[in-house]
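Below, chain A partners chain B and then partners chain C, in two separate complexes.
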Partner chain A sequence: MKRIIGKILVQDKLVVNSYGYGNYRPCSTPYESIRRLRDWQIDEILILNRSHSLDVSLDYMNLFPSEKHREIALDTPITYGGGVSRASASEIEKLIKLGVERLVLNFHQFKTLELLQDISKICGVQSIVLHIPYIMDNKIAKCFSRCSESIELKSIARELDGWGGEVLITDLDNEGSSAGIRQELLKTADLFNNCNVIVSGGVSSSGDLEKIFADSLNISGAVVGNFLNQKELALSLLKGARTMKDIRNV
Partner chain B sequence: MKKATILDYGIGNVASTRLLFQTVGYNVVPQRDSHKLENTDLLVLPGVGNFGYALSCLQKRGLIEEIRKLAESGVPIFGICLGMQILGLASEEAKNVGGLEIADFSSIRLTPRAVIGWRYLKDFAPGFYYHNHAFAPKQMNSVDFMVKDEDDFISLFIKNKIVGVQFHPEKSQDQGKILLQQIMSEVWKH
Partner chain C sequence: MFEKGTPISCIRCLYKSDHPFGLTFHDGVCSGCSYHEEKNELDWHERKIRVLKVVKPYRSKSGNYDCIVPVTGGQDSFFLMHLVVNELRLRPLMVNFNRNFNSKIGLSNLARLRSIFDCDFQQFTPNPELTRRVIRTTLRELGTLNWFWIAGQTSYPLKIAKQKGIPLIIWGAHQGNEQVGMYKHVDEVEMTKRYRREFDLLGEDENSISRYDLEASTDELQCIRYLSDNEIAAAGIRGIYLGNYFRWDPVRQHRFVIQNYGYQGKSSNRTYYKFDNPDCNFYNEVQDKLKFMKLGYSKVTDQLVRDIRHGRKRRSTAKYLQKFYESRSPNYQVEFARWLGATRDSVDLLYLINDRNFTKRVLKHDWREESEVSATKKMEEFRRRVGLRFGSTSELGDKENSSFGKGQE
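Up next is the complex of A and B:
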């Protein structure tokens, strides 16, 4: 089954709409956003916390006003990012105990397969999502970083061949826009033949999902962010208009 | 009310598992001390983690022999995902590490990639369940009940009072509760 993944981007304990990971507009609280997505029976929730410290488990707990409120996230698959790349083994253990199923690591902190394998020896390879934001540079998809030289996605895909985890590829130029999914993003997913691939950036209609989940493409999940924050019953709209059979309809 | 002990062995989704068992009516006690495992009606081994890491955590806490003793004394044991895999003999995830040897299977690597997402289970409490695993067992002898997935891997088994589920009922929203109630009603019949 393909997954529709609701993204919740958090800054200073508030959910924000994001535009290219550069401009942010507050729109909700984590509890309210998770409650809404969970009630709509979203397949998975991706929480990206921009306000993080080395104490990642405390950062996660602080998203909720109380332990009772945290229960809202316990029976739905939660993928969490925000400082995880630098977290200690004991912090990773704590996050998992709190109900986080999978962890997002940023590619630039985990460039080599050896480092990825080290962390998978704690949480298992299936619990790691490697986030690769990219930009188009002279028609070549390059992994974007503010602090180091960009790397071609093609060479990253070669390096990760046989790793076994999942990658999240974000079209940074289109992130947060309602312009629809771009063909370049779908092409980049094809580079990663031996990984599960999630794509992110620009999803705003059921037509986008049709393109993403076409049988010919190696894509297991689509991230939807601003669209779900901005429109009431947006998930129903995304699913309801679909004719594909490989989406969970409950 | 029956008492379910959730084993907090260092890794594993303790909070979600606790909520699931509480919701279906168990008195749930998370426990990490080996000498406090007695006097429970049910032992639950939560999932999420690496096979080798889980076994080293159990070893450090002196829990391996205690779990085996509970199994021998007939206390039901419920393993979820990794919690199910460690009940077996071994796993390709950590080749030099042995399992608890309570069930006679070994877990092998799924190729070319992990199973992540929702799958429909049709033979027992039909519905969608959340899966997240890169290793799983394929063969097991003399079980009372077994369900296999679309790739012929074991999804669920019941053997005497030992239960294993490869997927995550605690992350499967309302469907997980339906499944748990159905499984446990089978277990308490024994």
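Up next is the complex of A and C:
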């Protein structure tokens, strides 16, 4: 099932607009952002928390002013990332009980099989999304990680292909751009033949979504970030309304 | 959005991390200063070509107006109209939501705007008694007297857009960008319901405000209703900000419109700059004091930050001016109380209940539960104890420049 995923990047309890995951601008609060995406009936919400602690369940609860406000997040599937790989099994269980359906881990956690097995026992391997941010280095896609050396995306793809969960690929250089997706992003998705791929990085028009969800590609989701904060009825525009007047027909 | 602990200060301007819009930092420089750095890097000729392409489909072929321009007697209205008429060559309909307590200079500016640009103008004046009733609630619950007017000024243009079939609304600058750099210029952020609710209206729109003890019915609040998503979609309404396409510098713009169009300003006790909001006697005075009590900084800080970012003031000079003006007493407190139908002491009470440090200093329970009489007595006691001065009750302000009631000519 093809789906559009709204990204909410949180830093110090603020939702921020992100440009290449390096330049951040304040934008909103988590509650207001989730509320708006819910009102638009977006398929899924991805919350990435840059200011995380070991208490991931507390981090999640602190995104909302109160328990009553947190109920708003129950209407739409939530995928949460930020500190999950260092959280204990009990914390992850609490997070799931709070309504989070899927968890995001950085790709190099794939090597920590014990962690993956623990999480799989709690919520199933299909609830895990491995995040692979990449940059282009002399026309070669290399996975970016602060914790380890950069590795060619091709070799990661060989290891992860068919692993059971989903893979989220982010074009770091183009993240936050309003210029549209780059062709390299679609080519990297092609490297994964046997698992579902979600793409992210520069999605800002219906033309981008048409390219992403073309039948020949194995992409199941597209993450949209900054663009959803920039326009009235942004999601409808993404879904293919050529003009604002067409929105009622989408 | 207050953070616990000491707020971080920007190394360039005067803003801190507890700014109500939120602020991010990179190497000690805040996101607002980063946004202003972009102004030196962009190709503004290319941006102008870009906006001409954006507005092209909206040029009417049937003799209708090309766009709607929301105006006031202050701020950026003159320069906005100059850009729309002379640079973009559009035929606008000016619209205004009457705030009901306009200054004489504001009314004069509005009249001049209409005659100089020779464009059609449409205004809505809400019932003044309704205005007072809503303001009493928003003062008490949100600490602002501007909520009702902003709700109207941001929703009325959409109603007219729908009624008259004019889908394009043109605004000046995006406040979130100009203050804290929420987006980049090239993102071309547009008017959204979310931003209006969250920032313009302090988290409460016309639907949620009724959860307070509002002295107004839902029907009465129809005058400030924002259109639904379906209505906006059906009418194809879109609101753009010219600050994304033209290098925005309000001070330089004010100099231009003073020279070319006779725009007038008005002095205030609480700021050195007289050309922002001269159309409202209370905005730079009582409202400004309320802002200071709630947030810890005033409008003069916004203006000083603007001057720092445009290279007109040094940070050290700005800090001195900030301290000087924030300590000054507001004008028109008696007139405001009279207009609101309240006592002068009530104004002092408003400052107290909106003081973000109030509970730390004095209170052990919620002021809102007190009757006005016992609250006034407590306030006097508090005054004696801490020696605060809110201004003499004999201050009457500049009567010649005062205009109250419907605010119509």
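Here is the rule we use: the second predicted complex is superposed on the first by the 230 of 250 C-alpha atoms of A that agree within 3 Å, B and C clash if a C-alpha of one lies under 4 Å from a C-alpha of the other, contacts with A are read in each partner's own complex, and residues count from 1 in each chain.
Keep in mind that, in the parts below, a contact is a pair of C-beta atoms (placed from the backbone, for glycine too) under 8 Å apart; a residue touches a chain by one contact, two chains touch by 3 or more.
Just so we're clear, the structure is a prediction, and the values are computed from it rather than from any experiment.
Using the contact criterion defined above for the overlaid structures, shared-chain residue A:K2 touches chain B, although it does not reach chain C.
In the superposed model, A:V16 lies in contact with chain C only, and not with chain B. In the superposition on chain A, A:Q41 makes contact with chain B only, while chain C stays out of contact range.
In the superposition on chain A, contact of A:T188 is made with neither chain B nor chain C. In the overlay built on the shared chain, the residue A:G124 is in contact with chain B alone; chain C does not reach it. Contact with neither chain B nor chain C is seen for A:S200 once the two complexes are overlaid on the shared chain.
Common to the chain B and chain C interfaces on chain A are residues 248.
Contact residues on chain B toward chain A in their complex (touch as defined above): 8, 10-16, 19-20, 48-53, 82, 93, 109, 112-120, 128, 130, 132-134, 168, 170-176.
Those residues of chain A lying in contact with chain B across their complex are 1-3, 38, 41, 43-44, 70-71, 74-77, 93, 96-99, 101-102, 120-127, 164-166, 193-196, 220-221, 248, 250. Touching chain A in their complex are the following residues of chain C: 1, 3, 21-24, 26, 31, 34-35, 167, 180-184, 186-194, 197-198, 203, 229-230, 232-239. Across the complex, chain A meets chain C through its residues 11-14, 16-17, 19, 23-29, 32-33, 36, 39, 178, 226, 229-233, 236, 241, 243-245, 247-248.
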